[in-house]
Structure formats: structure tokens, C-alpha cells
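All chains are identified by letter, namely A, B and C, in their written order; residue positions are counted from 1 within each chain.
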Amino acid sequence: MVKYILKRLLLLIPTFFLLTLMVYTILSLSPANPAFMRLGTTATQEQIDEINHELGLDRPLLVRYGTYMWNLITKGDMGVSWVMQTSVYKEFMERLPNTLLLTALALLLTTVVGIVAGVFAAVNQNSIGDRTTMILAMLLISLPNFFLSLICQIVFCLQLRWLPVTGAGSLKHFILPSIMLAASRIAGQVRLTRSSMLDVIGQDYVRTAYAKGCSKRRVVFYHALRNGLMPVITNIGNNVGNIVAGAVTVETIFAIPGVGSMLVNAVRSNDIPQVMSPIIFISLLVCVVNLVVDLLYAVIDPRVKLQYR
Amino acid sequence: MKKFLALFLTVTMLAACLTGCGGSNNDSGSSGTASSENGGSKTDDSGSDASGAGSSESSSANADRTLNIGISSEISNIVPMSNNVAVANRDGLIVFALYDPLIWYDTVTNTLSPWIATEWSHNDDGSEWYFTLRDDVYFHNGDKMTAEDVAWSLNLIPENPVVTDANIPGFGHAEVVDDTHITVYMDTPFAAAENFFASYHMVILDKSYQEEVGWDGYLDHPIGTGPYKFADRATGSYVDMEANELYWQGEPDIKKVSLRILPDANSQLLSLETGEVDVLQNVSIENCKRIEDIDGFTVDYETAYAVLYMRWGSNSKLDTDQNLRKAIAAAVDPDAINNVYNRGYTKAVGCMIAPGIHCRPEDGTYTPAQPYDVEAAKEFLANSTYESTDVLSILVVAGSKEEGVCKIIQGNLQDIGINAEMKAIDGSTYSTLTGEGDFDISLYTTLPSLYDCNLIYQYYTPGTVSFENSKFEGKEEMGRLALASLTEMDEEARTDIFRQMINIMNEEALMLPLYQDCNTFCFNGDVTNIDAIPGTNVRIAEWKWN
Amino acid sequence: MSKPVIKTKNLTKYFKTPRGLLHAVESVNLTIEEGKTIGVVGESGCGKTTLGRVITRLEEATSGEVYLEGKEILGLKGSAKRNIYHDIQMIFQDPYSSLNPRLSLGDIIADPIETMGERMSKKDLHELVLSLMDTVGLPPRYYNQYPHELDGGRRQRVGLARALALDPKFIVCDEPVSALDVSIQAQILNLLMDLQEEKKLAYMFITHNLFVVKHISHNIMVMYMGQVVELAEKNELFAHPSHPYTKALLAAIPQPDLSSRGKNRELLAGEVSSPIEPKPGCRFSPRCPYASEKCRAGEIPLKEIAPNHYCVCTLFSN
């Protein structure tokens, strides 16, 4: 098992480098030149050359990438924003807690609500409750995030005055954004949990459990859920990636200063150092979460565990 | 796959609904109310000179209340001159809250008035400027502002080439004369130097504080002499400020101000409605109309000095084909854009500089831009090198209001048989492409940050990439005039130079001015004395609780 | 005569299908005595598994009654319903899918005790599970293993241990050996019989394997399309099969005796007719060589044609 974890961790390294190199290259391919961004239309060639030199843009791509990664790994230095001339690390660290809180809440919501509703729908298959749950899920999946957010802002913030529209000051500010972020994921989670549970409920060992005299609750939670949750757990790994990606829009709509909105702004201004840190964060997060999910899988499923011995 | 298709269809339908609604609103919007609105907004006293000094204390109920102002993007540079990053136009609100310039430029009356400098003058050839400074100005940390601070601040200019070369060509250095006097030495004279000293490019910073904390420390906690003290900031979220009780004009009425960054237009609107923010700056006209319809909210409109215009790329066939340029100029209907798209809140303009700006020739004294005339446009087009297979690219910044304008222009061009495609790109790519000239048409709104015609000079400065790339025959003449406009200290002679340049630009259709933009403030009933002004140096210090 | 553990009265189960009611079990009356085994035979789909599941209340009966030691159990609800599992347990056909793959053997065997049995300490529970494992011949080292690590025979022992955990009086064995190798089948059958002797268990043994049923049962019940067609003591049945279906069934047994080769064997013609909304009368009649008008006329009563030998056929009704 330890060997397996080590192997997976080692695999993270080439993944990480390949990914960052790809992002760096793609960003560098953009026609946008940061010198023009700063100098405007009055730029002379000397000024452009000077800024390109200052930013190191006159060096080959691989050298730039290498320097960036070297500084990042050895010194934790994320460089200086090309547009704002401020420390990327400082801004990133300022914004990180907001994104972490937002995505953690959204993930929690997705998982808890998704599983509970999915199990409920599966246990009461074809009942009105099941149908309602599935229609709601379909609705959530089909409504675009920004549209749903707008409707909820109007209802909960403007009409009912329960929640603030924007900002990130208190936990209250995160309620609506995390729900919006979770919305479409919840739908997927409900559907997956439901079908997975239905699959399990039809299994012989569930019938066996009834024959043992287990109550319905024990059958669902002790016997069926353990098996039904396997694909669901795998999905949590995928959800993390999706949720962090979704945070980009939600943070903008709800004016939450997070890593996602930092990424949006940075991409708009083609500010490579500013783009790299959120991308690295997101990719590392997804990699690590998927690793954790895989390990969790092994812990929960004795059959998988056997393979890692 | 089916699910994906369903999702896709839903999104498309929603999008169609949304744009459909927007379109119909635009069509039904009435026009012609602009002039009355603009007139109305000027009725309050907007004089900024010394009247602020005796501002009366407002009701104590609001003493602890924070005024929340919604702005749409992050502050580009909270400490002007701290590094080689230009301050953006939209940052006037915060720059003039935290800092003071040497001279104040009133964009309503277009006059300069004493500010940190009580008096100023220059020698005959404009190579030396003499400033007399106030003796009662203190920085937010309690340090007294000295001539040393002012001279030091001025001497930061050469360290920041973006600010220097673009906005005060020929600046040499500043020297302290005595406690209240400094002299600025110019290597070559610059006719609009006064305006530069009144702009957001140049504010007074605290020398000893900078030496103590360095620029990183300064950016973390900026210190100025302005009416508001920096309190707190979260990148991408807010900047909090508190009234400066030591302010030389007296403490402002509103004690606590928070600038809150709300990138999403709908969220801005909702935040105003729920009272999370009290004021919104430069909301789209469409949203302004919506706010006007809600009880308890006021919208103030003011024609801005920012002008939207079309330019041609220096590598495009438009650069050398006068007839094609004129065909486009005659085909585009600025009135339609004004009245339909902007509902009459923007104003037609005869050249790329708004009237009233320093050294801008009066309307009627220069050749106006090519008027809208479809027949003439068709004739020009017939004589041009345009072939029916050509597709002209129109560059706009994605998500900007220019995107909407571009769609109308595409229609106008289609009417005379020109195919144009819109390229909506990010701001950075836009700057690069327009700088390098790899496009046919670009749409952009610019404000002369010095409130001077030197914007024209900037486009025709020999040496810039776009100038060098251009193959336009008359460019040498334009370059010569541009350089002459820099150093001509006589206002009338300088106005004449710009008149000549504008004449050439309009006769040759080198640019097509479309309209003067509209500045707006939307606010709730709790605040008063808020006026939209044509410029960006808005003073929160003048606002009051109701 | 020993006392009856299970008695059913007109036990009927219909399933709703889109094409109408599926008559899975039709008016079954049977009695199972303490320490005795009743073998239920019939081809696939004849309703024998459903019968077992209706008696154990895994399916709800459409009508009829089931008496557990004289007490009606079909009307019980809630915890009273679940309490029947103290006395009634079931062993399933497929030892692979009927064990929860996520639970260790110890957990699987302890599960019924934890849900139904007396509260006991972890240690006592552990002891109890180990003794159950010992009873079915599983060494203690399997306690922490998972079902996928075991072969089919051992898994079925786990199923048996689990069924015995609550010390029941009656076990429905639903084809418990059909998925196993022949050599292992015998082990499991012998284990079942040893346990019966020891604990006075009553079994209902559902199978399509006539050798197995002959080996283990005391009485045999033959079913065809939900109906009981013949019921007799096993030797009597094998010696004097009376119902044409039973005859055909027994004739289909491969004979190791070569001398009987070429002898005319009574084999069935035709297809099993649809169990959905069946016509009245004998359901075997479409395939029966002796069928007459009477067979399709209406219900045919169960007739005792010899002591303890019952048959449902018009051949004996007069």
C-alpha cells in the first residue's frame, strides 16, 4: 500500500510539469504582448524591447518556463504580475482562503445533498418523491449557473433580504455562492447515487440482508450504501475539478475575491505569472484529490485493497 | 449525448431570450432626453474651490455608517508612480481620495485652480516651472508635507517610463527652492505640463515613509495627503478608507468609505437595490434606465470627455486607401448609434477630441468628420480597392460596450456592401494588435488623461510602432505637427496646430469619431451632492449623507 | 407425528406485469414438520422460488395465510414482522452475489445477531460468530476475510452460518447447491442434514435437481406453473409417480443403467404456456398426452390417491 502511494505521488511530478509546461506554452502563444498592455498605442520599439527585457520575454520559452519553475520550487516565488507589478504570491495567498472555503462548502453540499437525495430517490423508486427529486435534478443540470445565480439573488437577496448579494466578509456571504456552485454538481451526484443505489438494491446480498431480518434502514445504510457509494466516491474526485472550475464564474458573479476571479482577470490581461499560480493550484488540487479518492477507494473496497498488496 | 444536446439547446434558448429582450428594449428606448438630463445635473454647485473647507457636520446618525461604492474592476495602481504601471482612468475615484495633485483641474468648467500649489508660473520658453506650495498639508501618518516630498515625488517621473514618456515629454527634474517653493526643470518644454501636474499621473507621496517601508510597504499601506486615509484592502474585493481629520480643506462629511469591487453587472444592480452599496459608478445606460425606474434611486448622467472612435490598422489596406476609409466613414451613422444604442445619452462629436478640452479648436473652425451619407459612401467604395470578397476585421474588447456598437456598424457597412467581422478579444491582445497595426478597424473609447489635445500628438509621434508601420503618405506632416504641438507654449498657436491636424484627419478620414460617452452615478436616497462630471477626477470628499 | 412448524393455506402470489397478472404461486397448501425437509421441485419459472420468498416474507403474498407454529405471520407488520426471522431464515442459490462484498465474514455472520439478537458485548459476539463458523466447518482464520477471497463452498457455509446465527426453526434453502461443484454439493448437503439432526431444523429445499431432492428430502412437492401438482413421501413419489408431469420429470432423469436405453421415455412436447392470466383448469393440459375436456373445465381438487400421496389430476378425480 505504501509503495502504491509512493508510486502515485511520484507520478504526480511528471503530470505536474507537463501540465504547467502546456499552460505556459499556450499562454505564450497568445499574440498579446504585455509591453503594449502597459505602454498603450504610444509605444516605441525601444520601450517595447525594454519592457520585454524587463519581463524576460526576450529569452526562449523553455528558459522562461525553467526559470519560473525553478523560482517557484526552490523559493516558492510565483513572480511579479506583468500588469500590476505586484507580488503574485501575496495576492494568491490573500485570495486562496476564499476559494478554499467556497469550494469546500460546495463540495460538502454536493456530496451530502447529492447522496442523501440520491439514496432517498433510489429507496423510494418511482414514488412521487423520487420523480420530484429527479425533475429538480434535471432542472439544476440544465439551468446555466449565471442564470440560476441571478434568479436566486433576486429571490433571496432582493425580495426576501435573507442574504447579501455580493462580497466575502462572513460565512453568510458564502451561502448562496456555494449553493450555486454546487447546484449543477448536486444534480449529477443525485443521478449517479440513485442509479448506483438502484443497482445495489437489486443485488442478491441486499435480499439476503432482508432475509436476515435487517430493518430497511439497516439494509440501506449498512449494506446497500457501502456498495452503492463506490462510484459516487470516484465522482467526488471529478467534482472537485468541476467545482473549482465553476468557482471562476461564481466568484465573479458574487464578487468573491478568490483564485478563480484572479484567474479570469489574469487571463484577460494575458498576465502569465498571474495565470500560472491559480492553474497550478487547481491542477495540483485535482491531482491530489483524485489520489486521495483512489486511496479511499482502496480503503473502502476490500477487493481493490488486495491489488495493492 | 442526448442530455448534452438538451443542455445545449436550453442554454441557446436562454441566451436567445436574453439577447432578444435586450434588443427590444433598445429599440423601444426613447431618445432626445440627453440634453435635459445633462443640463439638470449641473444645477448643484459643483465648484470645488475651498468650499469644501467649511463643510458642515452632518447628522450624527450617519457618523459611523460606511459609504459603499461599487466599482467594476480592481484598482490598477493604488500608488501612482510607485512602479512602471499607469493609473487607469477609472481609478480617479480612489486616487483623488487618497492623494492630492499639485493643481486641480475642474472638468466641468475646464479651469485649473490652486490645490497643493497655491501659485504657479513658468518662464517664457517653458523650460522652468515655479510652484508655491501650501504650508498646512499633512500626510495621513501625521508627517508634514514639505517641498522635499513634492520634489521627490516629481523626480519619480523618470523612473517610470510609461508615465514619463507618454504624458510629460521633456521632463527634467525638480528642485527644492525653500520650504514652500520648488522649481521643475524641463529638458524640452511641454505645453500641457500644467495639465500633467493636475492629473492622476502625478500626486504627492511621502518621501520619508517610502524610505522607511519601501515600495512594497507603501503599496501595502498607501499614504497620501488626500481627504481619505487608507484603512484596509483585500485584493479583488474592497478598499476601505476613513476620513482624514487633518485634511487641509477640512474633514469630509462622510467618515467611512468602502470601494467594493463587483465585476458582474447584474450583481452590481442588485447590490444597489438591497443597499449593500450606496453608489455605483458608470453602469451601462440600459441598467441606469432600470435604476431610474425604482423609487428612491437617482441617476446622474453627464456627457464625458471620453470619445469612441474608429481607427484603421497601420498594416491594413485602409491605411493607404483613402476612398475605402471615406466609404466607411460615410456609411457609419453615429446618430443611430447615439440614439438607438445609447438612448440619446451620448453626444455626437466632430473630431476625436471632445469640445472644451485644452487647445481643442471650436466646432466650426475645422473641417468636420465625413458626414453620414450612404450614396456618397457607395461612390467612395466604387473608387476604392475593396473587393467584394474582402472581409474587414473590427477589433473590440470582449465584453465592452463597443461590442454592441460594433454590431450596428457591421450593419451599416453591410448596407453599402462591405463585409466586416467582429473580433472580440481580451484587452491585452487588443492592445498588442492595435499597437502593431494588424487589423482593419478598431473601436475604442479614450479619454485624454491630461484633458489636453496631446492625445492627437500621441497617435502621430514619430518613433512609435504604429507610426513607423503606417504607410499613409501624409504621416511625416502629421508627425511634424505633432512634435510642434508639444513645445508650442502659445495657446492660440497650439490650437491652430491641432486644427491643422484635425483637418487632415477628417479630410483624409484617418479616424472616425462616433460619440462622446456618458459618465453616470447611480445612488440611493441616503447620499446627496453626487455629480457625474465629464472627467474622472471625482471627489468623494464632496459627497454628503442626506 | 411431530408438530408442524410451517403451514400454508391457499398461499397465492400474483405479480403485476404490463401484460396482466402473472400467476406465480396459486393456492399452495403445505405443512412442514419439525426436523423434516420438504423438497420443492419443478422446472425454472414454476414459482418454487417465489413460494419460498413469500413464506419468508421477502415478497408479500397476494392472498392466503402462513402459520409459523400455529401463528399467522402474513398479517404481521413492523418489528413483529421482522421478528419472524428469529425462526425463519433463508439460504440463497448464488453464494457469490448473496454476500455483501464490502463486509468481512465476521461482520456478515454477526449482522443478523446485531440487528435481531440480544444485545451482547463485542467479545461475546465474536465468540458466538466463531462458534457458528465452527458449526458450519469454517476455521477461525476466515473471520476477517472477505467473501471474494473464498471459494463457492466456503461461501455457502458462510451463508449457512449466517442463517443459523439466530437459531431458527425453519430454513428455506433456495437451490443452495446448484451453483457448486458436485463434490462440494455433497459436503454442503451432508452439513445441512447433520445440522437438521442436531437442531431439529425444518427445511424447505427448493431445487430442480431430483437427485439432490431425493437425497435430502422427506417429502417432495412437485410444482408446475405456480400450481402444486403432486405431493408425496419421497420414496412413494419416486416409486409411483402419478401426475403426468411428475412422470415426465422423472423420465427426464438421465439413467446410468444402459439396459433401459432405447426404451420409450415419456418426454414432454410443446412449450410452457404463459403464466400471465392463465386459462382455468390444469395448466399442464396443453402439454399433457392424457388431457381431456375435463382438464380445461375448471379447478381440479387435490386428491389423496394413496396414504400421504396427493395428486391434482383429472385421471384420479373420479
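Rule of thumb we're sticking to: contacts are C-beta pairs under 8 Å (C-beta built on N, C-alpha and C of every residue); 3 or more make two chains touch, one makes a residue touch a chain.
Predicted, not measured: the structure shown is a model, and the values here were computed from it.
Enquirer: So which chain ends up closest to the centre of the protein, judged by Cα positions averaged per chain?
Expert: A
Enquirer: What chain pair has the highest count of contacting C-beta pairs?
Expert: A-B
Enquirer: Taking each chain's centre as the mean of its CA atoms, how far is subunit A from subunit C in angstrom?
Expert: 53
Enquirer: How far is the middle of subunit B from the middle of subunit C, if each middle is the mean of its Cα atoms, in Å?
Expert: Their C-alpha centroids are separated by 89 Å.
Enquirer: Cα centroid separation between subunit A and subunit B, in whole Å?
Expert: 38
Enquirer: Which residues of subunit A touch subunit C in their complex?
Expert: 203-205, 207-215, 218, 222-223, 226-227, 300-303, 306
Enquirer: Please give the residue numbers of subunit A that touch subunit B in the complex, ascending.
Expert: Going through subunit A, the ones touching subunit B are 30-34, 36-45, 47-48, 50-51, 54, 83-87, 90-91, 94-95, 141-144, 147, 150, 153-154, 157-158, 161, 164-168, 252-258, 261-262, 265, 267-271.
Enquirer: Where on subunit C does subunit A make contact in their complex?
Expert: Where subunit C meets subunit A, its residues are 56, 58, 82-86, 89-90, 92, 94, 97-104, 111-112, 115-116, 146, 148-149, 159, 162, 165-166.
Enquirer: Taking the touch rule as given, give the residues of subunit B at its contact with subunit A in the complex, in rising order.
Expert: Spelled out, the residues of subunit B in touch with subunit A are 3, 6-7, 10-11, 14, 73-74, 76-77, 83-86, 161-162, 165-166, 216, 219, 234-238, 260-264, 266-267, 270-271, 273-274, 276, 426-429, 431-436, 458-459, 461, 463-466, 468.
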